[in-house]
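The next part holds the structures, each set out as structure tokens.
One chain, chain A, links the two complexes that follow: it is found with chain B in the first and with chain C in the second.
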Partner chain A sequence: MARIEFKNVSHSFEIAEGKEKLEWAVNDINIIWEDGVANALLGPSGCGKTTMLNIISGLLMPSEGKVYIDGKDVTELSTRERHIAQVFQFPVIYDSMNVYNNLAFPLVNAKVSSSKIRAKVEKIAEILGLVDYLEFPSSKLNSAEKQKVSLGRGIIRDDTVGILLDEPLTVIDPKMRGELRRQLKIIQRELNITAIYVTHDQHEALTFADEVAIMKDGRIVQVGSPHELYSDPESPFIGYFIGSPGMNILDGKLNKSNLSLKEFDIEFSKDFRDKIKIKNGECQLGIRPEAIITSKVKTKGTIPFEIIIVENMGSYKILTLIKKNESNRNLRIKSRTDIDMSVSKGETVYLKFPEEYLKIFKDNHKIY
Partner chain B sequence: MSIRIENVNKSFGKHLILKNISLEIKDGNFVSFLAPTGSGKTTLLRIMAGLERPDKGHGKIFYDDVDVTDVPVRERNISMVYQDFINYPSMTVYENIASPLRVSKNKMSKKEIDEKVREAADLLSLSDLFKHYPSETSGGQQQRIAIARALVKGTKYIFLDEPLANLDYKLREELRGQLKETFSSNKKGIIIYATADPIDALILSSHVGFLHEGKILQYDILDKAYNYPQYLEVASYFSNPAMNFLEAKLVEEDNNYFLEVTEKLKVKVDKFKEKLDKREYLLGIRAQAISPHRQRQNDIIIKGMVELVEVVGSDTELHFKYKNFQLLSLSQKIESFKIGNLVDIFIDPSRFYVFDKDTRRLVYRMAGEE
Partner chain C sequence: MKNRAWYFVIPMLILMSIGAFLPIMVVVNYSQHYIFAGSAPTFVGLENFVEVLHDSQFRGAVSRQFLFTFMVLVIEISLGLMVALALPKKGFWVAPCLVLLGIPLLIPYNVVGIIWRLFTQSDIGVIPKIFEVLGGYYNVTLDSFDAASTILLLDVWHWTPLVVLLVYAGLQAIPDAYYQAAAIDGANSWRTFRFVTLPKLRSVLTLGILLRLMDSFKIYSEPLLLTGGGPGTATTYLSLFVARKAESYELGYASAASLIYFFIVLVMSYAAFQIITRIGKGGKVE
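After this line comes the complex of A and B, so read on.
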């Protein structure tokens, strides 16, 4: 297995078209996918994930920059020469062959001896939970099983350096999606294979990966563990994108001892204000719904809000709130409350924004 | 206002999809038909809307006590929203929303149409997109256009067939909130909503019908359906995440009765002992009552081996193994656990469901009592 690295990789499709003004599908990417680690590349559609994937696999040569596998420059190598396996949205298997022959196929092509093939196929089948299916016609498998066979074909060769998973659950029957999501993670661990899972789905990315890179507009905007992305987002976009509901982002103005938002002020302690290393001025406040303290009782330092939506999530409630007595009904805040708190639309609740959970952003970057 | 269906059967070929379903839905109700894919919920919804007919001679549909079984869908004054976002690609967003009013029998003035379009667009935050074409909008916006078109007619009956199923999770979360807001401000009419997602049913409905093997296994107001699932199947599915089930034996110790899973994991049942006349039961525990963090003073503490960690929204679902049981616990934040590690797991002994192993019916629900 191997370590995959991008150095200053950029790509524009318009160079090939001969256009002068370039738009970058991916823009100056520097990233390392470490050996044996479960990685994910997460971002909304159109962010450049697929271009990244094609550059890793060798389908696309980047306009600029270098790709390395274990320190060796592979930028000019073809897909075949890179030995990176791929799993696509649609399972790629031969319906006319049984499961055994499907799994064995890449080894037969590589002229591996048949006794070695049998040993290898059995080992992979064991990891994938397909032992009982080896003699089964592939056409009779369900979509999740087919996808596992695709994966098996990808990883069966000893010279496979890593695996790319491109939205592998998209066409899987919803009933089996959860199970396969779990199994992919377990298989990655078992094989200790360098894996890069590409998806727009937060649940899939954060469940699969130990290291998640978030992409937006052709750039990687943050790399971190699921917990880091959640608790310390680099930008308001990530704060909102990770977590459900996302982080509340409010425009405001930083003053000497407080933050004035359009509808109310949040007072800071001196300690807290000192930690914010910039002077006064425009900024954005971020706070997660679950960090806000919601109470039906007015106490010192709380701010009154009116409930406009109550969503019962089973284990807690999500309140959508607007500032009390305010004509602007567009400023909305979400808070999370205990399931046992009885609240209804139109009621007033009092919010507290604990200092230790406040994030301050400026020009779309975290400053505290 | 009401919709009533009586003894509806529906088969496709030899396959009986719906089996003798009867139901009455009243004005102001938001009814979710909840079931996994392939359980017949979409078929039931389509039969109620008039897009499908019940098997000949097997079932009748009444709107306001009038038999409409043989009335075609366009004469029924209903609106429908589908899973795929269906809009007119050659019309602007404004024209898409206005289209049902333009073809309506009672001619409306331009001004009237404009008012209604703006009102519907406002509810679904589409007013800035009037001049765009559907293809220039996002998936979430396209579905909102389809919903606005369903609302603009002001019909009494609105049918929505898994309208959020094809959306990314962020868009799903946003649109769900918007649907909640839109429909909770209008208490008139009947809304029928088919979904495979327990969260949709929890957030949006006033009533929930759970379908299983072609029958409605339970139909209740939301609170009752969620808190008192009458069958194991309902409890298992109408739970987010899935409920845990453990086999437990009824045992007596020093004149106290317990349902015992293991020596450590047992709950006192003296309070409802008279309901228990068998030796074995199934204990249902929602993942919310099992946590990697202490919840209450008298939590039961067990050791679990971490098998898998799933991050869902802002929660972490921790799958772990305890003896021979595979269990699911929930932590209400995003955190990491090392797979294979042993961790302390805290179980709240006051939040159990007891199910009969044979009939699969709910015997008792403990709700926070000590």
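After this line comes the complex of A and C, so read on.
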């Protein structure tokens, strides 16, 4: 088990191609994945997640920077020498062999004695719940079981220091996805292994990991626990990226006692205004749909909005709203209401933005 | 009719029966008769079959055919695999390599026969010249071994590219993740080939083996043009043997021989298919 660390790691695929102008797939990254922690690397497609993984596993050598495992510089080492296991997007199994031989494969390669292999395979099969399948042809397993076999090959070696999971649930049947996700988590806990789970699915990342790093355009934009990321996003991007639907982000101008958005103003209490360190000027307001109080009754401090879309999500409703009597119909706000609230398109509702849930951003950074 | 699909299937069945079933039945009919030009055929039952199976010339043709097909499969499949593995996977050289490989495939059988006849002709051919310069001896019209190995070489030259192209396409279809996983699992290059590449190529290799098996069993034009089946009977393969018999108006005998020939191809292909599809489908390995 180990602590994996990146120091100023950058990578550009254009260097190999000999181009002058460089685009960085991964740009000056410093991060530490602590020993035995379930980590996730979350980001939209094409943000450099897979490049990061390949750099960790050694399939790719970074153009710049160093990779350390337990303080040892492994930047130059091969995949094999790093003892990192990897589970790929789709299950990789050796389909000419049965489950037993699949699990034994890395050990046979390492020339471990056959009695040791048997003991080890049986132990791993027990952890994975594959005991009954050992003599089973691996090509006949379902996708979730195949994915477990490929995980098993990773964790069977004693010297495995960490495991990388590259969107491991993508091709798994939706029915089995939740089950496998729970098992992955349990296995990670039980073995106390450093795991890095790469995904673009926030739900998977937030349920699997204790520590989530969010990537965007080759950079890490925030690292934190799932709760921190949800309640205290560092930038409007994270606010919008985490949560479904994402945070409402509205452009506005900070004044002495209120925030004037293009279409309406939000009044602040004095206490609240004092907490915001900067003076007046351009800024962005963020508020989560679930924090907005939606009501059909007009009260003090509420703002009238017109409903344009109602989405029934089963246990709640998502409303898409525009400012009432406003020619600019681009400003859209989403809010979440109880399932019992009867609302329909075209109706007017009154929104309240509670101060304690407001986030203020400036130049893509959180200022409050 | 309950299912309207039959309206579309029936014309096809009629065409097929005219195109394939009827001629085969005619052959079956012939095979039961003793036929001699100018006189009415006499029914002889299975006598023709008995005669064919006891004919040492037929047996000679069968064993020659088996040896030839066996050599074709061994050489073309293994060579095709090696060449495909050695070909560049991407870059500038892919296109030229594939085009060069494809050229033999574009040449019709009989033209191949003629080209090789010119290659091997004892007075003007380039191959005898090379042997002469090197101090050896080579003559397709006099030496049985030279003739048989030249036909084999010709077939390898003509059809190995097919195996190469099949395998090459199969290789391109193997996702990188498999090789990455094998690298992470610490497999050396032999074990990577054995447990990743080879199993993933099973279906294209099955196709290649079946195609080459059936096709090499039907070899006809090339030996006809190159050696005419000789010297002696050294290159008289099954199709050539049957054709000879038919040409000499032994129609009953030739028909019986063709049916046996057809039966052999059928059984061989079925057996090959069964064996290949069962190999390595899970179960115990090592």
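Throughout what follows, the second predicted complex is superposed on the first by the 368 of 368 C-alpha atoms of A that agree within 3 Å, B and C clash if a C-alpha of one lies under 4 Å from a C-alpha of the other, contacts with A are read in each partner's own complex, and residues count from 1 in each chain.
Please note the rule applied: contacts are C-beta pairs under 8 Å (C-beta built on N, C-alpha and C of every residue); 3 or more make two chains touch, one makes a residue touch a chain.
What you are looking at is a predicted structure, and each value in this text was computed from that prediction instead of being measured.
K.L.:
Evaluate whether chain B and chain C can sit on chain A together after superposition, giving fit or clash.
P.N.:
fit
K.L.:
Under the stated touch criterion, which partner chain does A:294 make contact with: chain B (first), chain C (second), both, or neither?
P.N.:
Once the two structures are laid over each other on A, A:294 reaches no partner at all.
K.L.:
Go through the superposed model and pick first if A:105 touches only chain B, second if only chain C, both, or neither.
P.N.:
second
K.L.:
State whether chain B or chain C is in contact with more residues of chain A in the superposed arrangement.
P.N.:
Comparing chain B with chain C, the partner touching more chain A residues is B.
K.L.:
Is A:189 contacted by the first partner chain B, the second partner chain C, both or neither?
P.N.:
first
K.L.:
A:311 contacts which: chain B (first), chain C (second), both, neither?
P.N.:
first
K.L.:
Answer with first, second, both or neither: which of chain B and chain C does A:174 touch in the superposed model?
P.N.:
In the superposed model, A:174 contacts chain B only, not chain C.
K.L.:
Quick check on the superposed pair: does A:39 touch chain B, chain C, both, or neither? Answer first, second, both or neither.
P.N.:
Once the two structures are laid over each other on A, A:39 reaches no partner at all.
K.L.:
Given the touch rule stated above, what does A:335 touch, chain B (first), chain C (second), both, or neither?
P.N.:
Once the two structures are laid over each other on A, A:335 reaches no partner at all.
K.L.:
After the two structures are laid over each other on chain A, how near do the C-alpha atoms of chain B and chain C get, in Å?
P.N.:
Between chain B and chain C, the shortest C-alpha distance works out to 6 Å.
K.L.:
Go through chain A and flag every residue that touches chain B in one model and chain C in the other.
P.N.:
none
K.L.:
Would you mind writing out the residues of chain C in touch with chain A in their complex?
P.N.:
Contact set of chain C toward chain A: 175, 177-178, 180-181, 183-188, 191, 195-196, 198-199, 202, 280-286.
K.L.:
Can you list the residues on chain B that touch chain A in the complex?
P.N.:
36-38, 168-170, 173, 176-177, 180-181, 184, 196, 198-199, 202-203, 226, 239-240, 286-288, 308-315, 319, 330, 332-336, 339
K.L.:
Under the definition above, what is the set of chain A residues touching chain C in their complex?
P.N.:
Per the stated touch rule, the residues are 57, 59, 78-80, 84-86, 88-90, 92, 94-98, 101, 105-106, 108-110, 135-140, 150, 153-154.
K.L.:
Enumerate the contact residues on chain A facing chain B in the complex.
P.N.:
44-45, 173-175, 181-182, 185-186, 189, 200-203, 206-207, 225-227, 230-231, 241-246, 288-290, 308-309, 311-316, 318, 320, 336, 339, 345
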